[in-house]
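In what comes next, subunit A is part of two complexes: it sits with subunit B in the first one and with subunit C in the second one.
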Partner chain A sequence: MTQTVTSPKSDARRRQGPSFLMALPAVLFFGLFALVPLAGVVVLSFMSWDGLGTPSFNGLDTWFRILQEDQTRNALWLTFLFVVISYVFQAPVALLLGVFMAGQQKYRAFLSVLYFLPLLFSSVAVGITFQTLFSPNYGLSPALGWDWLPAQWLGDPNIALLVVIFVVGWCFVPFHSLLYQAGVRQIPATIYEAATIDGAGRMRQFFSLTLPQLRYTIITSSTLMLVGSLTYFDLVFVLTQGGPAGATRILPLDMYITGFREYDMGGASAIAVILVAVGVTLSLLLNKISGSSRMESDKAGA
Partner chain B sequence: MSTTVDDTSRQGSGRATSGAGSGRPAAAAPKAQGPNHKARKPTDRPNILGGLAGWAWLAVIILPIYFIVITAFRSRQDLANSNPLVPSSEPTLQNFVKVLENDFMHFFFNSVIVTVAVVAAVLAVSLMASYYIVRSTTFGGRRLFSLILLGIAIPVQATIIPVYYLIRELGLYDTLWALILPQIAFAIPLSVLIIVNFVRDIPAELFESMRVDGAGEWKILLNLVLPMAIPAMMTVGIYQALQVWNGFLFPLILTQSREVRVLPLSLWEYQGQFAVDVPATLAAVVLSALPLLAAYIIGRRYIVAGLTAGFSK
Partner chain C sequence: MPARRTTSVVAGLSAVSLLALSACGGSGGDENPDAWVLNGGVWPVVEEDLDRYSEETEGVDFQVESFANDVYKERIRTAVGSGEAPTMIVGWTGGTLLEYVEEDYLVDITEQTEGLQDRLIDSVADNGVVDGTTYAVPMNNMQPVVLYYNRQVLADAGVEAPTTWQELMDVVPALEEQGVHPFSLAGNSRWPYLMWASYLTDRLGGAEVFEAVVAGEEDAWSHPAIIEAMERCQELVEAGAFDPGFASVSADQNEDGQLVADGEAAMVLQGSWVYSRLLQDEPDFVESGDLGFTTFPAVEGGEGDPSSIVGNPANFWSISADASEEQQEAASGYLEDSLFNEEYVDGMLETGNLPPLTGLEDEIAETEDQEFLGFAYDAVQEADTFQLSWDQAVAPSQVQPLLENLEKVFLQEMSPEEFAEEMNATQGQ
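Right after this comes the complex of A and B.
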């Protein structure tokens, strides 16, 4: 696409390229509502603003305050737990389900159609659904009456985060299993045939063939899961609003509550900057890891 | 060249952030299942353990949905007096009537307006930008593409406060415009990425021969770029429509009054308004899922492809 500049022919083509007017609307929208806010959040983190009046310059005060608050440290720790446990739960389930869904059996095709259903619900719908299902009055626990079921699922600070992680997984595992299903279907049938002839069993085939063949899908899905859950807000907010007693107040919720409930937009912006910084670092890190593994695999393939 | 393109798109997808674990599809080419579609034949010995796990997961998926559907057909008294997991012996439609009497259709149409406006604008704007990025012979095209790819890494959640400030300053707070404009902006990076990968595949000769025939850039856009990019546009359209339709954060922060309420926010408000009338709230939840359920039944293939496009590469 990039022509050498020397030949006269390319000069002619250069004049024939579309004018910048074509890109202008996209640039304006993107600049005004995405890039400007990104810069704006950094600026606002040095300001004091209650969300209604005029922001005023505040220097580093906001930052000192936010970084010293236990609330922030707690939110960072909870976010770490949320991201890690979510991944440990979602990744294996999604992978196994994807492999399962890729099978050609009729009943698996049928199940796959139903597995998709959570993706049709908005996060608010899912949140309200599970709030009711986990309610101590008319939910799962009173319905089944099993003693070992907790009466308070979302109301118990000791398990609320785990319950939230399960519900978030319920929502997003279907999407990731679709990715894995597509990935498995790209694997050539011949290598399975060869392995079967060589006497490799199902487990052996899964670990020695399927997993290595799925490496790109694993990288893609993992990146989306990790970075996605780092910034996830909707469902957690609907389920618990950060409670009980701050037990699920992960960073994005900490930001929202600080800004829109406590009217401390400066502090909320500082939290948002932390969120961006952690997010970008994580993405870059994952890119590096996936980049190096790609090079290795290229060598192996050659 | 093509390797570079692949790399860019893959890394781009790697940086995708917002939209939570739902992720975003990157790259283009919702490739058909390919020649290996029938690759995995069931082995001779049926996988009993796998089958059991599969049905168990179905139970996990279906139970909450079953629960909200049967509860939506219950009366309040019925919910208090019977086992919540057994369907009511006297099913009622009164909850749905109550939801419909409380402006449900109004909120539904607000959602339709916002979704259609965002998707239409994103498609138009992204197609134009993609044409520029692919065919521009100046340095700007490449630079613009990198800038827009960078945009995929911006978490929407983290920019919401400045967006709120901006919308207030523009006097758009609590209008449908407040929902439409920022969502167009945040949908652009991924849409451009997917469409660019399609437009790249159009042979340069086609552009040149149209130029020779005296076609201007608008004519080329409409008669060459648009028809060739239709599959990518469908992917982008479906994906972004789902995102906007179910989106909660922008409505929560940028609107407040009943007139401009969209469906996801309305569920949230119903829950507060109906309070102890749980069956009515769940009736609203069930109603809100019906449009997408209908879409899924009619166009399952398209919706699945729209969600995962590009990853299946």
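Right after this comes the complex of A and C.
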């Protein structure tokens, strides 16, 4: 019975959907500017090339060298830390801020505008501003003069990564808060009214209603956060250039520095392939876990 | 339905061809010679001169494009490697020039620049010559690295600017007692570390030590002079000679020079461009006469000549072998007839920049900044050698490891011996 019900439905959908040709420009564009260069990078990773002259094949040498280098392992580990800590920092803050901003009160609307500002700044401007704020001579620490503030924020290899994670979070929390704000506003008010009548307090409402209702927003935001921080480059580069002593040389920076500073295009390509592989695996994994391939309308399910 | 399909195909195809067209538009294929220059500092003078030459010369119209320093360095290599280089290439000589010459990317300009060579300071011009053939000629200001100091701060501590290493080590505790940092150091930018390392190596072992490195000799980095230079750098760090936050200080914002101007630090070892920066940012300080400058101290018992200078001799013009014959002719015509013409030299001196020419004493004496320019000019003239900054001189693939390992030495995370070992491993790769 079920089969007879579903098959005409999917047939109908197929007929209704736009023709594949509509997608052709996008597919061609993607092929030309994403797949072709990607294939080039894979080929280049089996070559030795310093940017001048002709590249020459050297089989798996580049791969062995890159995989054996401490720098690559260090970069992988730093990237792992960067992604995990960024997520642990950004996700709860963005969620709470988003829920807060969803309230209809006037002062919340005003604060939302302020929270939103970092998203509008260019990352280079943010980087240079924070660099000045963290300066040991002209920055926050000497200005405030509190002993417990570190004298060196970006210059101390032990905390530089955390400082960078904070600045990157500062830039991206507004975006995710916005997603959550929209998500919360879509939850029908009637559910809350019903819950209030049933005697659920604020905390209970948050954990039993808001959070479950936001699950798809959480999935979207988490995917963006994790994959985004995996490939994040510009702000880190402006702030530290991977220093001090390699303490913030995450994988994308490692790739850039290897390619365009050390002129080892083969090695940089190998790192790029690793980055693509990790990124694709991560998104697939997230897709699997969240079951977003089965994701249907929020309303219909509830 | 079929009608709609065709339109979408057409739309798709035209979108692609549009992209292809606009991609072509960017590369430009006309016969006018082009030149890529940098921006800021002395570069507007260069650009103006090329424009003036284009106006005055029939049939020649230079297409000039300017870039930020780092952007240029990344672009030019890819452009040269892919045969898309501009007719006139700005370079720093050193390892990159050797690579370009080896791969036949540059034109021999020995004949065209013969007349010019007579006017140039030899120690600068020599950098553009490879095996007796000129591939590059200096085209802008000399940038020696000198020791700047704040006269007031030194006077308060009752000391004078050090002329020997021993004096330098002696003034460190005296200045610390006054509560000022003896030296500021822009560690965040990394390359300022090189200035200390290269001057010490040069003073301790002479110019040959580093020449062996550039020549790609095996184990050249383990020369005792380099090891000792690293040891002395670490001694300085241990003695508290540098501002304790040096690893976060950035030279891009001229923070290290600023610290000296503010009296937070007494001295800074930096390139001659810091003078122009200070003139711009802290005119009161410069005019008050508190800004002093001298050469790097002599090192007792060192084999190097204490007159030797480290820095960037200049930027150099080269002509691309990939350019058409007409373009090459136009470019060499400019080098032959116009480079370092009177207006160009005046323009440079007015903006506080030193052209690498001999016999400029009178012109310099007339400029506003004659004290500094005269000092720097004499220092270069008297210099036994003018060594190119290490990061320009070594093979391009060595630059990044050099900067990173040197950073570790200054942060006490790497011993001098480990530094030598790491750098030897990059030799001849």
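Throughout what follows, the second predicted complex is superposed on the first by the 261 of 302 C-alpha atoms of A that agree within 3 Å, B and C clash if a C-alpha of one lies under 4 Å from a C-alpha of the other, contacts with A are read in each partner's own complex, and residues count from 1 in each chain.
Everything below uses one rule, namely that a residue touches a chain if its C-beta (ideal position, glycine included) is under 8 Å from a C-beta of that chain, and two chains touch if they have at least 3 such contacts.
Computed from a predicted structure; not experimentally measured.
Novice: Do subunit B and subunit C fit side by side on subunit A after the overlay, or clash?
Specialist: clash
Novice: What is the contact status of A:179 with respect to subunit B (first) and subunit C (second): first, second, both, or neither?
Specialist: The answer is first: A:179 touches subunit B but not subunit C.
Novice: Does the superposition put A:109 against subunit B (first), subunit C (second), both, or neither?
Specialist: In the superposition, A:109 touches no partner, neither subunit B nor subunit C.
Novice: Who contacts more of subunit A, subunit B or subunit C?
Specialist: B
Novice: Examine A:53 and indicate which partner it touches, taking first as subunit B and second as subunit C; both and neither are also allowed.
Specialist: Touch status of A:53: second partner only.
Novice: In the overlaid three-chain picture, which partner chain does A:211 touch, first (subunit B) or second (subunit C), both, or neither?
Specialist: Neither partner.
Novice: Which partner does A:19 reach: the first (subunit B), the second (subunit C), both, or neither?
Specialist: Both partners, subunit B and subunit C.
Novice: Would you sort A:283 into first (subunit B), second (subunit C), both or neither based on which partner it touches?
Specialist: Only subunit B; A:283 stays clear of subunit C.
Novice: For A:187, decide between first (touching subunit B), second (touching subunit C), both and neither.
Specialist: Only subunit B; A:187 stays clear of subunit C.
Novice: Quick one: is A:196 in contact with subunit B, with subunit C, with both, or with neither? Answer first, second, both or neither.
Specialist: A:196 sits against subunit B, while subunit C stays out of touch.
Novice: In the overlaid three-chain picture, which partner chain does A:129 touch, first (subunit B) or second (subunit C), both, or neither?
Specialist: A:129: touches subunit B, not subunit C.
Novice: Can you pull the subunit A residues that subunit B and subunit C both touch?
Specialist: On subunit A, the residues that contact subunit B in one structure and subunit C in the other are 19, 22, 25, 29, 32, 51, 128, 132, 135, 138, 260.
Novice: Name, in rising order, each residue of subunit C that touches subunit A in their complex.
Specialist: 4-5, 8-9, 11-12, 15-16, 19, 74, 77-78, 80-81, 99-100, 103, 105, 187-188, 190, 243-250, 253, 255, 258-259, 264, 396-397, 399-401, 404, 407-408, 411, 413
Novice: Could you please specify the touching residues of subunit A with respect to subunit C in the complex?
Specialist: Within the complex, subunit A contacts subunit C at residues 19, 21-22, 24-25, 28-29, 32, 50-53, 128, 131-132, 134-138, 151-157, 240-241, 243-246, 257, 260-264.
Novice: Taking the complex as given, what residues does subunit B use to touch subunit A?
Specialist: Subunit B residues touching subunit A: 1, 10-11, 13-24, 26, 33-34, 36-43, 45, 47, 50-51, 53-55, 57-58, 60-65, 67-68, 71, 79-80, 83-85, 124-126, 128-129, 131-138, 140-142, 144, 148, 151, 153-166, 181-182, 184-186, 188-189, 192, 200, 204, 207-208, 211, 217, 220-221, 242, 245-249, 253, 263-265, 267-268, 271, 278, 281-282, 285, 288-289, 292-293, 296, 300, 304, 307-308, 311-313.
Novice: Flag every residue of subunit A that touches subunit B in the complex, lowest number first.
Specialist: Checking each residue of subunit A against subunit B gives 1-3, 10, 13-14, 16-20, 22-23, 25-27, 29-30, 32-38, 40-41, 44, 49, 51, 55, 86, 90, 93, 96-97, 100, 102-105, 107-108, 111, 113-126, 128-130, 132-133, 135, 138-140, 142-144, 168, 170-172, 174-176, 178-179, 182-189, 192, 196, 202, 216-217, 219-221, 223-225, 227-235, 237-238, 252, 255-256, 259-260, 265, 268-269, 272-273, 275-276, 279-280, 283, 286-287, 290-291.
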